[in-house]
Amino acid sequence: MTREVAGKAGRGYFLEDFAVGQILSHAVPRTVTRGDLAVYNCIYGDRHPLYTSDPFARSCGLNASPVHDLLVFHIVFGKTVGDLSLNAIANLGYAEARFLKPVNYGDTLHAHSKVIGIKENSNGRTGIIWVETTGLDQSETPVLTYKRWVMIRKRNEKEPPCETVVPATLPAVPAEDLPVPRGLDFRVFDTGATGETYRVGDYTVGEMIDHVDCTTLTDTEHMLATRIYHNTARVHFDINARPDRQRLIYGGHMISLARAFTCNGLANAQIILAINSGTHVNPAFAGETVTARTEVIDHADHPTPGAGALRLRTRLGRTGDDGIDPYDDANLLLDLDYWCLMPR
Amino acid sequence: MTREVAGKAGRGYFLEDFAVGQILSHAVPRTVTRGDLAVYNCIYGDRHPLYTSDPFARSCGLNASPVHDLLVFHIVFGKTVGDLSLNAIANLGYAEARFLKPVNYGDTLHAHSKVIGIKENSNGRTGIIWVETTGLDQSETPVLTYKRWVMIRKRNEKEPPCETVVPATLPAVPAEDLPVPRGLDFRVFDTGATGETYRVGDYTVGEMIDHVDCTTLTDTEHMLATRIYHNTARVHFDINARPDRQRLIYGGHMISLARAFTCNGLANAQIILAINSGTHVNPAFAGETVTARTEVIDHADHPTPGAGALRLRTRLGRTGDDGIDPYDDANLLLDLDYWCLMPR
Amino acid sequence: MTREVAGKAGRGYFLEDFAVGQILSHAVPRTVTRGDLAVYNCIYGDRHPLYTSDPFARSCGLNASPVHDLLVFHIVFGKTVGDLSLNAIANLGYAEARFLKPVNYGDTLHAHSKVIGIKENSNGRTGIIWVETTGLDQSETPVLTYKRWVMIRKRNEKEPPCETVVPATLPAVPAEDLPVPRGLDFRVFDTGATGETYRVGDYTVGEMIDHVDCTTLTDTEHMLATRIYHNTARVHFDINARPDRQRLIYGGHMISLARAFTCNGLANAQIILAINSGTHVNPAFAGETVTARTEVIDHADHPTPGAGALRLRTRLGRTGDDGIDPYDDANLLLDLDYWCLMPR
């Protein structure tokens, strides 16, 4: 691979640098601590008790609160940015994200990615790469895998088109393939800790939940978050990286905001088992006000004692002005389809 | 109780939902960590060594630094917001807050409230509820109690007025009823650690201290703080929640700012034993610059070895422009009356 | 010493209050935790694995990640502000900073300073003091020493000039006097953890590295940082402290930003051994976009197994507009000369 350099500083890779089958081992290993949770909490205010209370986590069969699932996701994702997306034009989608095991505070995460697909666009200037990324702990145990595809620049338009391999991705993780977090047991789940009594069976397919909460985005908050994850994409930090001189908000920030909003109405959906798909439909900027709505897509049995799985589609969109529809094509920011684990 | 819902998402309770004697058990239990202190510290810069230094805390008889008293207060308060004040118009006051025991990092806090008073306003659209809130640790030991009253909307103006019960509240916690934090001992208190030599006997009743420090408020800072406390009141986060499109700063943020300012001039007032009363006189917004002044109200003996209690009135107000009086009716933001423990 | 007071609140010292040989013992002792690292990380995004990964730190001979060197520097520096620089006009420079030993999380830092020089300026209104500051842990072991000089106001212009003592400071810490961090061993240094293969011998004297990353400064971020360090200088927090109503960004914030930028191009320069000199050439304000460039000044042998020392000059300057030179006299913000430890 030929990294563009400014002296010895890397400028990231281009389409020509990737080939199907290639494995990229990402820097920088990162020990996750309760301090990271505190920072995550002050940015999102997530209130799932499995992640906020050690006694509650113990009542669910764990030794202590595990690391927040989206903190794991963003940290693993962040490690890939320097290798995959410094020259990305757009983060096109995610699929088949499986949260394989709860991560403990004190664990150290690292990640690698395998290139599983590549396709040049007809304009000859850009293309798409597909990768499968795995996050691992210090004992090399995988904790998260996901597929992602990204639109990326060619270094040189005059190069001939690269090979084309378009991998298959599943539209959703099948219920029978959902991860089973080791040790988790929801048989004595205390709904008093969440403030809501609804269990998995109380949600019906097609049901809609408006999550009420709204927040007006600020630049500082998304930058603080993005740095936790060691995501260095300049477009999030430098107003000169875009012609409109606005900092683009990292898409993962929107995922965490949406998930925190669901604490109102889906308070017992404690843990994300899988992300089926995720799309950042429009870019988001500071000053915009966002809200979220969830549709219940499916439910399924799950081997975790006392639990069932709920498939949800949560959308986050712009709100504020009279008559605005946060979920229309112009205002929708995030469309996320995922499986959660709930008490039954 | 009938919570307003948007699908399964709660919109909070209204005046008609409350009755004297009712007990509300609040979600979400929360394990407090050194990470929370670090976040608290970066927002307020509080410099009381009992809360910043383990060796100093050991020299005062404790095993380690306890959780900052106002972090405990805000976390307990935050738990009540979803049940008590999502539909509040104004947080009218506090009384009889007693900090019953030092909380240790690793402890998990939860809270419940008892409705102790209710009164409909003559306009028929709003009323006041009084509650007594108790914060407890994971062993169900109370760590904090306080009374608070809130103006709240009626759901339906046409409902007949509710019963009227106006509870008695003390103007101040009597000195002889002040909590005695277990294990604390100020006999070898090192004033070198605080940088000020003044002990409780050096303060005279009526003495005024201008705390010199000023800070210009930002929206991001008060939102980061408010989320630590799991306080979800939308008016703090969403510019569309008020006609002037300004985010209202959470009153507890002002209390913590004021307390941090007092590190200059009252550096040895290590710990809050009780809050006698607290009023948020005017709303506060980003861009305003605040400063604080304290008047010494009283002192009293206290059973803690080497210590005495000092009753203080700290006011926080807007400053900046020429000739402005931060403490007049137009500019005063916070008026707080409390007892601190100091070395004697 | 005669501190200016507002009631019992200190307003800091003036030139007349200092004398050569004086020792100032600074408040407030501070236990440093992983929470502080998490906050530091969300503000700077520093990616040196020695500071982000316990397993990596163990592979380098330590028991766990030490406290980030610049977090130590800023905390020690912050302790001195109340005594040295509340009435400072300008922070003129640093010299001979030696990072004597890795600090462990859980250690408690305090500091003292000795006045080593003083000189009144010809205008009769200001002067310069030189101090040597030492940061120590809870066992009174020095962890950092540095010299610093500051321009400070006289309280009273009519006072006769003070004595003049101008101390010698070295232009750089000689290679043979560099600290040797106990226990560190780079013989099995894994460059996969940093993402760059360059070792100390790969850098040639005179080589330039442009670090690519840019960030647009915000007020909230520098205030959050400055409060971690207990630095209370009002000019960083209060828009009324300067005629232009801008908050001056704490110079240490610029040092940490610059150091984080160097993770791209100098990823293996794991640890700062010494700061030879540092100058804040122009003041920095929110809204400005900064970038960094490093020149390799020298290399030297070092007793740490598997390691060598690299002397670097990193400059941070304003960028963004077409044709701007971030490193010219008008735009240069920081000029920092320091020694790092790298694998060889």
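Of note:
Which chain is which? They are A, B and C, in the order written, and residues in each are numbered from 1.
We take it that a residue touches a chain if its C-beta (ideal position, glycine included) is under 8 Å from a C-beta of that chain, and two chains touch if they have at least 3 such contacts.
What you see is a predicted model; the values in this text were computed from it and never measured.
Interface note: subunit A and subunit B, two copies of one sequence, contact each other through mostly non-matching residue numbers (shared numbers fall below half of all numbers used). When the CA atoms of subunit B are superposed on subunit C, the rotation angle comes to 120 degrees (nearest 5). The centroid of the Cα atoms in subunit A and the matching centroid in subunit B are 36 Å apart. Residue positions of subunit A with contacts to 2 or more other chains are 33-36, 38-39, 218, 220. Those residues of subunit C that touch subunit A in the shared complex are 33-39, 41-45, 47-49, 52-56, 65, 192-196, 198, 202-203, 207-216, 218, 220-221, 264-267, 289, 319-320. Of all the residues in subunit C, the ones that touch subunit B in their complex are 6-11, 25-31, 33-36, 38-39, 82-83, 106, 108, 110, 138, 219-220, 223-228, 230, 232, 234, 237-241, 247.
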